[in-house]
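To keep things simple, chains are lettered A, B, C and D as they appear, and every chain counts its residues starting from 1.
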Amino acid sequence: MTSLLSENPNSYLIISVLIFSAGMFTVLTRKNILAIIMGIELMLNASALNFITFSFFRKSTLYSGHVFAILIIVLAAAEAVVALAILLAIFQQRKSVMTDDISDMKG
Amino acid sequence: MKDAIFILVAVFAVGGALLTAASQSIINAALGLLLSLISIAALYIFQSADFVAISQILVYVGGVMVLLLFSIMLSSGSTDFFKNNPAMKVFPALLIVVVFAGLAIYALFSANLTFYPGQYGPSTREIGNLFLKDYILVFELVSVLIVVMLVGAGVMLRKELVRKAVASDGDSKDEKENKK
Amino acid sequence: MINLIYMFVFSLVYLLLLALTAGILTYVERRIAGRMQSRIGPNRVGIQGILQFIADLIKGVQKEDIIPADAYAFLFKIAPYLVFMGVFLTLVPIPFGAYTLMEDLDVGIYYVLAMASYVVIGLMIGGWASNNKWSLLGGMRSAAQKISYEIPAALGVFIVVIMSGSMNFQKIVAAQGASPVDWFVFRNPFTFIAFNLFFIASLAEGNRVPFDIPEAESELVSGYNTEYSGMRFLFFFLAEWGNLVVIGALVTCMFFGGGSFWYEWKISIPAPGRDPIVFEVLGFLWFLFKTFFFVFVIIWIRWTLPRLRIDQLMDICWKYMVPIGLISSLGIVIWMYFIPENSTIDRIVRLTLTSLGAITVLYFKYRVYKNLKITKATIYANPFV
Amino acid sequence: MDQVAQYIWIIPAAPLAGFIINGLISFSWGAKSSDFHKKVSTIVSPLVILISFLVTLAVFIQMVQNPETNRIFSQNLYSWIKTGFIEANVNLVLDPLSIILVLIITGVGFFIHLYSVGYMDHDRSIIRYFAYLNLFTFAMLILVLGDNILLMFVGWEGVGLCSYLLIGFWYQNRNYAIAGMKAFLVNRVGDFAFIIGFFMLFWGIYHYEGVPTIAFSALKDVMGKMPEWYLTIVTLMFFIGATGKSAQIPLYIWLPDAMAGPTPVSALIHAATMVTAGVYMIARMSFLFIATPMTLTVISIIAAGTAFFAATIGIVQNDIKKVLAYSTVSQLGYMFLGMGTGVFTTGIFHLMTHAFFKGLLFLGAGSVILASHHEQDILLMGGLRKKIPITFITFLIGTLAIAGIPGLSGFFSKDEILWQTYITPNVYIPQLPHILWIIGLATAGITSFYMFRLLFLTFFGEFRGDEGALEEVHESPFIMTIPLMVLAVLSIFGGYIGMPEALGGSNHLHHWLSPVLSMKEAVEEHGAGHFQEYLFMGFSILVSLSGAALAYIFYILKPSIPKSIGSKISGLHQLVFNKYYIDELYHATFIKGTLGLRMLLNKFDQKIIDAFVNFVAVIVKAVSRVHGFFDRVVVDGLVNFVAAFTQYYSSVMQTWQSGMLNRYLYYILGSFIMAYVILRII
């Protein structure tokens, strides 16, 4: 293993863990749906970073990791579009985007 | 030198994520996310994944972030910049997140993975080949998904539909009579 | 380390050159506008008013940097830089000559498309942070417009990428040739459509008339930059005119053969006698000529056409350009499958399209001369008054 | 790999294409479909099966030419599931075992499709029918061709679905729809065991053998470390799955009811192909079953029981299709008896010959039913042989074949099973082979008896139906009699490929299959001469002929005997006639049990809760008459009490279902962390 941080896979993986944790924290604590969506995006990105890292450091001729990262990006975009469309539809009806205000389904 | 840039980028990536997690203002959270996303793209470039990096910028910065900003602007009042992203109980979340991160890092170091030094090189052609050979089914399914997503988002925000939903909340009798 | 310093110096040079070019372009635009509206335009500062832009710059720097009281100061400050960064970053992979480029990216065109998104973010943030209804509307319109028109632009690019088999600019230029017959724009009907799609979409992405809805002065005061003043205001304009150069350069690279020099193809100088530096310079000049021709066309369009309404704008994008782009990207694949390069049909089509283009240009020139003769307004054809 | 292997995908793809075409026609036009649509459907459906058949035939010819070591053709279509735990590909395999099944499915299936064109001609849902039939063929082919258990299970469930759809094809009739549901539910019991079995197998492979593969072809080589007790449970689970699909005790009850479907369906699905899926599955996983003598013993016992039991019921049935249905159950018992000996070729051999003659008998029965205008009761038939000669002759051939008359296919396969049963020693119960042999022989006699009874009652004697009905009896159209004739020829000569050496044959089938099946060494070459074998053949011939003779005496010479015997032992007769009251038994235990529980709860509700409510109501009423104020206090108090109680109770649960996304995420993460800690760290 080289001494360079940028050529050590563990540094990328730790960055990924930290970003994932930050995303998780966002989702756990925020009331605003938009912030929750942002947290989800962070988590997705952290996982995509993992894919790329493993693809690069485990077997660099195998580009499947890239394919999965791209799939994550595309699906995240699709997810964001649908989520935001739902959000705007909710906002049009309820004038609020806080999760407290739309918890009608609770027991 | 390379490491210096790497550390800078890493700090931006994690710092952006932390800003997203901790900010009291939704727009600042969005900016943190933007910073984090761009830095992650830079991390991709460090790993010679230029196509993915550019895709990341194109889709996230050009698409998702713009949509997010749109939604922020459409949904929150534009005057209250600094307190429109309230948080709930922070302590249990912090606890669980720290435990999770600790476990993940523990798992990382206890897994005993063997790594090889990465090789640098262009990836676009290989990704294209993979998409059109091994992952063709996934590729087609994703395109179907995107079409469904487009149609779905369009339908969801149709004016009449929203109005109808609002109307049916109150009184559905009128509609039935109208139908007759 | 050396490499890094080299890159830094090089990009500084680029930055200065872009700023200078954009400044000169503001002057050029005003001169051309003057000619088109039967007036003279700036001619006081310097010879023929050539230093007008420096005067404007000084004035802009001197002015107070106003930040509105209810604005979100941080975002308000960074928005112009984001916009400028988005435009400047697109210059990285564009080859002004075989060696005159910052970085030969493997994903060149894709990169250019991606960088445009910074502009969108910048405009939106700027509009929102101003805390002004007009600015907000302008910013959102701009974002909607740019995102929408990115699709036809990307489809045009897609066709070029299919034709050349690469996203690298050097390879795209190399896939074309020096003579007009080899340019992508005249290769076949679909590439011609692609050129139109890309050019029109680029106009829209650059917020140029007839697509300048975001800043529409008459309805939104001035759109997203209403609240800006002084240097920050100038940055928006720097970005706008810098963008003209970028559009011109992109169109030249992708459809008009880039800097491939005519004589390389035409005159057979013996190989040892070829001086690479000479050819590099000639190619660079040839490239700049083409680029500025398109910049002129864009300015010309601006002062000729009226502005579109927002719904017409969206209709043009989604109802016409996107379907046309999709159909022609299907068509190009079929075309390439059935008609191999340099087959008889291919040559006939190329020649026909090239000659049609030439005839159009010549006829247009004839019309201009005729009109000038009839109106006896030859004074407006003279650049120096 | 041979050139021809790359066309294997066509075999399942063609019926799928047929299904899609028919399905689209049916879906788009349905009831409005015109003659043109019908014509398209009736041409396309048999055609696609014919395509499959021809491709299979091409592969078969190639396979025969290849040397023994090179007879496995496989085509990998798609990498389906790929985890560290299991790896499953959509991999189609044609080897000597599966090609026999595929030839039967496509060959017999083609003729049954052809027959259906005539049989279903006047049904208005014929397009839907063909869509289902093609889908069934597709699913069955996937079942047979699949190279791993998961893919096989896809086909397994697919045929179950089609069976359900086709049994309830005339869903307007409530009984038929219920029969379909019954088949589906009973199958579900078996399938559940099957699922448990293969999950256990996956786990076992992962745990003991440490390889992720589940492909049959690869499994054979990696097996070995799994302990026998574990394997026994797995194979028993698989066998329970097989009893569901292949109608063995105790899950056979759906098959007789499945006769509600159109007759060609009974021929194809409930006689020739689907019900033999269990036999095929055991043969496919022979390497597992051979390692578990306990399971084989269980299979033998249950199979012999089923064979005998169903045959006795068959004696007294009066519905032509029901007789054949019980006969099918009985013959399936035979096949499993063959499988239980551990010499799996015998079961496969009988499967093949049974497909021919039982398909023939069902189609013949369909022809009879159509000829006599949807009359199925054999007591109302008789003397039909002159009216429908082709049907009669072919039916006669089928009867002779199933009864085990020498020279026809059934004789060889049945005899082989009996012989192997007798000579294969059992490690647990030494006397078992002899007992099983006696049961098998008795079953053969009974089979012969009831089949000839059916034949005599249907075709001989006087017509017993309504006056004038005989005049309208007419021979079926050409398109229906051709399949009959083809299958009759196959029923006669199909047995010769497995003719034992004792009779001068060379048992091609055994040599053909033995490379792909792991099985006990057949005692074929045991050199003490064939005397014993001849003796046993003699026994079975004798028993078959005596069964036939008995039927002749009972139903031709002295038709009064059956009635007198029936009245003498009326108790037994009633018992058998009502199928040993098994359906009633199931009804009394499982269904009544459930219903009883419901009744109990209902009683509880009525007697105690309602009484309490009524009591409260009465009191309140009485009190309210006394004073309005008091009334309000009591009623409101009660209501408030209930509300408060509910509120208190729900407040406990409410904290869990808060409607807040964050909380839910807490649960997810908390459980994740706990699971990780438990699994990895502790």
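A few points about this structure:
Here is the rule we use: a contact is a pair of C-beta atoms (placed from the backbone, for glycine too) under 8 Å apart; a residue touches a chain by one contact, two chains touch by 3 or more.
Values in this document were obtained by computation on a predicted structure and should not be read as measured data.
Between the interfaces A-B and B-D, more contacting C-beta pairs are found at A-B. For this pair, chain A with chain B, the centres built from the Cα atoms lie 5 Å apart.
Rounded to a whole number, the gap between the C-alpha centres of chain B and chain D is 51 angstrom.
The distance from the centre of chain A to the centre of chain D, with each centre set as the mean of the Cα atoms, comes to 49 Å. Averaged C-alpha coordinates put the centre of chain B at 31 Å from the centre of chain C.
Listed for chain D are residues 662, 666, 669, each touching two or more other chains.
Each of residues 51, 55, 63, 70, 72, 88, 93, 96, 100 in chain B touches at least two other chains. Multi-chain contact residues of chain A (touching two or more other chains): 24, 28-30. The full set of touching chain pairs reads A-B, A-D, B-C, B-D. Interface residues of chain D facing chain A in the complex, by the touch rule stated above, are 650, 653-654, 656-662, 665-666, 669. Every residue of chain B that touches chain D in the complex is listed here, in rising order: 88, 92-93, 96, 99-100, 103, 107, 137.
Remark: chain C residues 1, 4, 70, 72, 75, 105-107, 110-111, 113-118, 120-121, 124-125, 128, 131, 136, 140, 143, 147, 150, 167 touch chain B in the complex. Within the complex formed with chain D, the residues of chain A that make contact are 24, 27-30, 36, 99-100, 103-107. Residues of chain D that touch chain B in their complex: 78, 662, 666, 669-670, 672-673, 676-677, 680.
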